[in-house]
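Multiple structures follow.
First subunit A sits with subunit B, and in the next complex the same chain sits with subunit C.
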Partner chain A sequence: MRRSIRIELLAILAECRKTIRIWFSYPIMIVFWAIFPLLWVMPYVFQGRALVGGATSESFRQLTGSGNYLAFVLIGAMISTFVFSALWGVGNSLREETYWGTMEYIIASPTHPLVILIGKTLAEWAWSSVMVLFQAVIIALFFGVQFTLAKVLPVLLIVVLLLVGFSGFAIAFAGFTLLIKEVHGWVHTLEWIFFLFSPIRYPVQVNPVTAVISTLIPLTWALVAIRSIILLNKAEVNLYQTVLILLVMDVVLLVTGYFLFVYLEKKTRRDGTVGMH
Partner chain B sequence: MARLECINMQLVKRTTDRLCHYWAAVWAENIKEWKLELTYKADFARSLIDPVVYLLPYLLYGIALVGGRESESLRNLVGTADIITFITLGYVFIGFLNMALWAMGFSLRKEQFYGTLESVFAAPVPRWVFTMGMALHSILHQLLMIGVQIVFIILIFSIKINPIGLLPTLLIIALMLVALYGIGMFMASFTLIFKQGGLVSEALASILMILTPIAYPLAVLPVFMQKLALFVPTTYGILGTRHFLMGERIGFTLREAFVRLGMLSLLWVAFGLTVFWIIDRWTRRSGTLGHY
Partner chain C sequence: MSGDSTVPALECRDVVKQFRRGRGFKKKVIRAVDGATLTLYPGELFGLLGPNGAGKTTLVRCIATLLIPDAGTIRVLGHDVFKDALFCRQQIGLLTSGERTLYWKLSARDNLKFFAALYGLTGKERDKRIEYLLGLLGLQEVANERLERYSSGMKQKVSLARAMLHDPKLLLLDEPTLGLDPQFGRFIRGFIKEELNKKQGKTILLTTHYMDEADELCARIAFINQGRIVDIKSPEEYKRDIPHKEILKVRCLGQFDGELLKGVSGIERVSAEFNDGVTTLNIVAERAEMVLSEVIEAVRARTRILGVDVQEPTLEDVFIYMTGTSLGADTKEEHETQYQD
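For the complex of A and B:
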């Protein structure tokens, strides 16, 4: 039993190392992901300037408690990096293995594909954490958003809970990849569904439909709590409630993700479509 | 004299034959891309919903900022206060921008994945014909998506446009597409040299998304960005379209807009083709065409 766990851990480590080595084959990617997610919010900053004619919006304040729309979108960009990294890195990873022609080897190896996915997930966590750290430094230096230790610790707790839940979702999505193959576009759509139904770039309360649907997404709870802590200095108010909700969502997403992946992997194996494009 | 006429006739015939031959290749490439796309039906259906999902956060963000549909600040800047029509018309152009930045380069990358790039490049047509086929598929795809997007927005928000402006709008878009083809060729060459050219596309897309006045007028950009934006074909496409369809005030005359766009088209196409030709030659000489 101990030997078996050790072997699985070695496989996870090997996968982690392999994924990171592939990234380092394209070093420009590191610079890109540290800087560009922040550039993506610039159109929203200019849009804000054009529509309200200043750096704060009264309407925004009524919806979010803070009129500083710039800080709102920057925090959204930073935290969503974790989510999208999981979606692209883990959800889409088996599709990449198909492209590289290594998918059949993974399936045929005595290691369960889920173990491989855990390795990829850990690599993604490490990767996105470094990227977000870079972004936080840039935001603090150039945009005046303050991150004190008292704020960072509860934010970290929320981020970890968010990461765990989304990993479950990403693992389920990886199973979906095995089934429908061409998921590149689906990842894009999912990405934009998160943009639409969670407060990454705008306060979802502005529309009753988005306000209701957003409550089903862990990112919404995480972002509302993180912004309360960073922008409104309200660390203790909703933290317990948010942590509890995120914990419940994590359990649901991990369990569902696991069973869905196992089911879909078995199905594609049985149908003989693993190697298909 | 008769001999000269005969030579001329032969030249015209040969040119016409060659163009027909090229057109057949462009069309075949376009059909191939459609066939590939329609093989994944669910993915195709999704791609029709995408533009709406993409647009809504911009609109809802605008509504959250001003607390309604009309912005006084926007009226002061461009002479119109309707943020929904303003943003929707601007957003339509993201599709065209994506065509230039993604479609051609990504198509080449896919051919690499499928292991068919060398076979396609061995075909007896110039490379630009091959990429033009990809561009044609992408333009048709974008037009379909824009149609869905416009219908949805008209049904939900109702946008008000001036129908008389449709014809000049189509003209300015056609001219812009020529320039975007040049940018597309330039981007496709990155795929040949860097393989993971997607990152270059993403980087350039991020910069162009800021420079192009999609959801805001040029006036809110810092001065150096305003100047850079004048080298981007979509700037003229968007400003021209919004001027014709909703009366946006623009900082140049229409004649200037068409002349500059015409010049940009020539420059981008010449630049894109040249860079592609050089890199294509280099990758074949260095034997890295089939590398990942």
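For the complex of A and C:
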């Protein structure tokens, strides 16, 4: 027995709608997210000014090609917000389902839990997109970064490829959430691994270890390309190479993520811990 | 195949489910279900009766594909639940005990819409089905209110509606009246028997540890204790087959056990329940009147008698007779074995 793609798509849509409705049932969260983009930018501004004594730095230009430290860091923070939200969202949402007692009903239904995960990921992306849009407006208004269509289109392509790869990662992570039940510690650890080994807050070429390890992380390739396009106005810079590398990483991460999730979901059903939290 | 009325609606054969608990030397294997075999025929309302921890819920979870058994086979309408999980899940409607099984931040209607999508119901067909179920369960007026404002009984009604959303052939109802007030409990029992079973012809596996519920609703009942199916019969057959015909119940002040009646001849078995300062002695005898005077004398010598009653054996009495365990007992830890790797 197989289900049609239409039915799976409608299940994804239903999950998306449900997730967003539950978010909006907590009005205080809307207030928080409304001021979040402003709060988010301040520490970077102050940290940047304290470190380089202004908005630009010559030594920074030698490392990255752009002296605009603040724009460098803010772009890193913006893109990382996007990808980490998938990790947080997907990991947390499965944990929430077990808290709500609804996880067993999802598993017992004919819909594969991966379909639900896709719905949750899409809802997270939709929400993160709104946040990132606000952040982009702030960067454009206060830090002199120009977002033209010629820049935005290739950046969007890279971001989509990056998100696809990260969703593979998030799917595997969701499987671990089913098994280990706790997510916060793991997501924080992963976040800091990414902060350390990818150029979110600093150029990884400052030391050879991070420079080498960072090449294994899709976020590195994406950030290098996005900054080149936005800050250095190099629209042609390594775009094809970056897209190819991200595509290969996406396939590896999605396939690995899928098989890990299927294995771990089956293991929790064998261990009898599906509904536990 | 599923349309064939001779095919059992549910067949469990030698189902075993073990859980490993603890670590290192303290590691134990709990045999929650121990070779359970049962068959439900189409349209049957079948009860699984046993005390807490007997393995009822574990067996239901295995049937609902939430747990993978260690041994045995489970077939729904002739299809193996693990080889053909998609088909079987579409045929099963599940209701578990506890009120936290729905999205409290959503309305009843939104909850049902979401779960309908998981079962492939969409558009007008979905809306029609939801309206029908809301009407059937008397929820139409509150359908747009968030579930957090509902009482436990109303939430259980929504759970029941969810179990029926996709019009399943087999309903697994795990302790459907647990924790409900008597009014809602009565409604749910009536709904299961009259609407779901008699009118709609659903095959129902009902687990409960309330003997009255099983007695009132079920055509056949399986007694389950320590993971094993002890016997399967109709409530009448159980009562008929018990070799004792009468139960003498004596309520007396203070806490006592069967030792109180040591020396009274003609008694086959005594069990004692203590509650709120009162002990109820359940005395099984071939004929109550033959032991009555001696029992009263023995009890009165030690305490004050509050009441005496002679009853026909209930399913609870039969269960105690067959297993030596009360339905109110918690047998969770009783069937553990030390784990040896």
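A few comments on the model shown:
The definition used in the following text is that the second predicted complex is superposed on the first by the 258 of 277 C-alpha atoms of A that agree within 3 Å, B and C clash if a C-alpha of one lies under 4 Å from a C-alpha of the other, contacts with A are read in each partner's own complex, and residues count from 1 in each chain.
Quick note on the criterion: a contact is a pair of C-beta atoms (placed from the backbone, for glycine too) under 8 Å apart; a residue touches a chain by one contact, two chains touch by 3 or more.
Quick caveat: nothing in here was measured; it's all calculated off a predicted structure.
After superposition on subunit A, the partners subunit B and subunit C are seen to fit next to each other with no clash.
In the superposition on chain A, contact of A:Ile22 is made with subunit C only, not with subunit B.
With both structures placed on the common chain, the touch criterion links A:Leu13 to subunit C but leaves subunit B unconnected.
Annotation for subunit A, partner touching more residues between subunit B and subunit C: B. By the touch criterion defined above, A:Arg269 reaches subunit C but does not reach subunit B. Vertex at the C-alpha centre of subunit A, arms toward the centres of subunit B and subunit C: the angle is 80 degrees, rounded to a multiple of 10. Looking at the shared chain after the overlay, A:Pro110 reaches subunit C, while subunit B stays out of its contact range. In the superposed model, A:Gln146 makes contact with neither subunit B nor subunit C.
By the touch criterion stated above, A:Ile193 is placed in contact with subunit B alone, subunit C being left untouched. For the pair subunit B and subunit C, the least inter-chain C-alpha distance in the overlaid model is 8 Å. In the three-chain superposition model, subunit A touches both subunit B and subunit C at residues 26, 100. The touching residues of subunit B, counted against subunit A in their complex, run 40, 42-43, 46-47, 49-50, 53-54, 56-58, 60-67, 71-74, 76-77, 83, 87, 113-114, 196, 199, 202-203, 206-207, 209-210, 214-217, 219-221, 292.
Residues of subunit C touching subunit A in their complex: 17, 19-20, 58, 61, 64-68, 84, 86-87, 89-90, 92, 94, 96, 98, 100-106, 110, 113-120, 122, 146, 162. Subunit A contributes residues 1-3, 7, 10-11, 13-15, 17-18, 21-22, 25-26, 100-102, 104-111, 266, 269-272, 274-275 to its touches with subunit C in the complex. Remark: subunit A residues 26, 28-29, 32, 36, 39-40, 42-44, 46-53, 57-60, 62-63, 69, 99-100, 180-182, 185-186, 188-189, 192-193, 195-196, 200-204, 206-207, 210, 277 touch subunit B in the complex.
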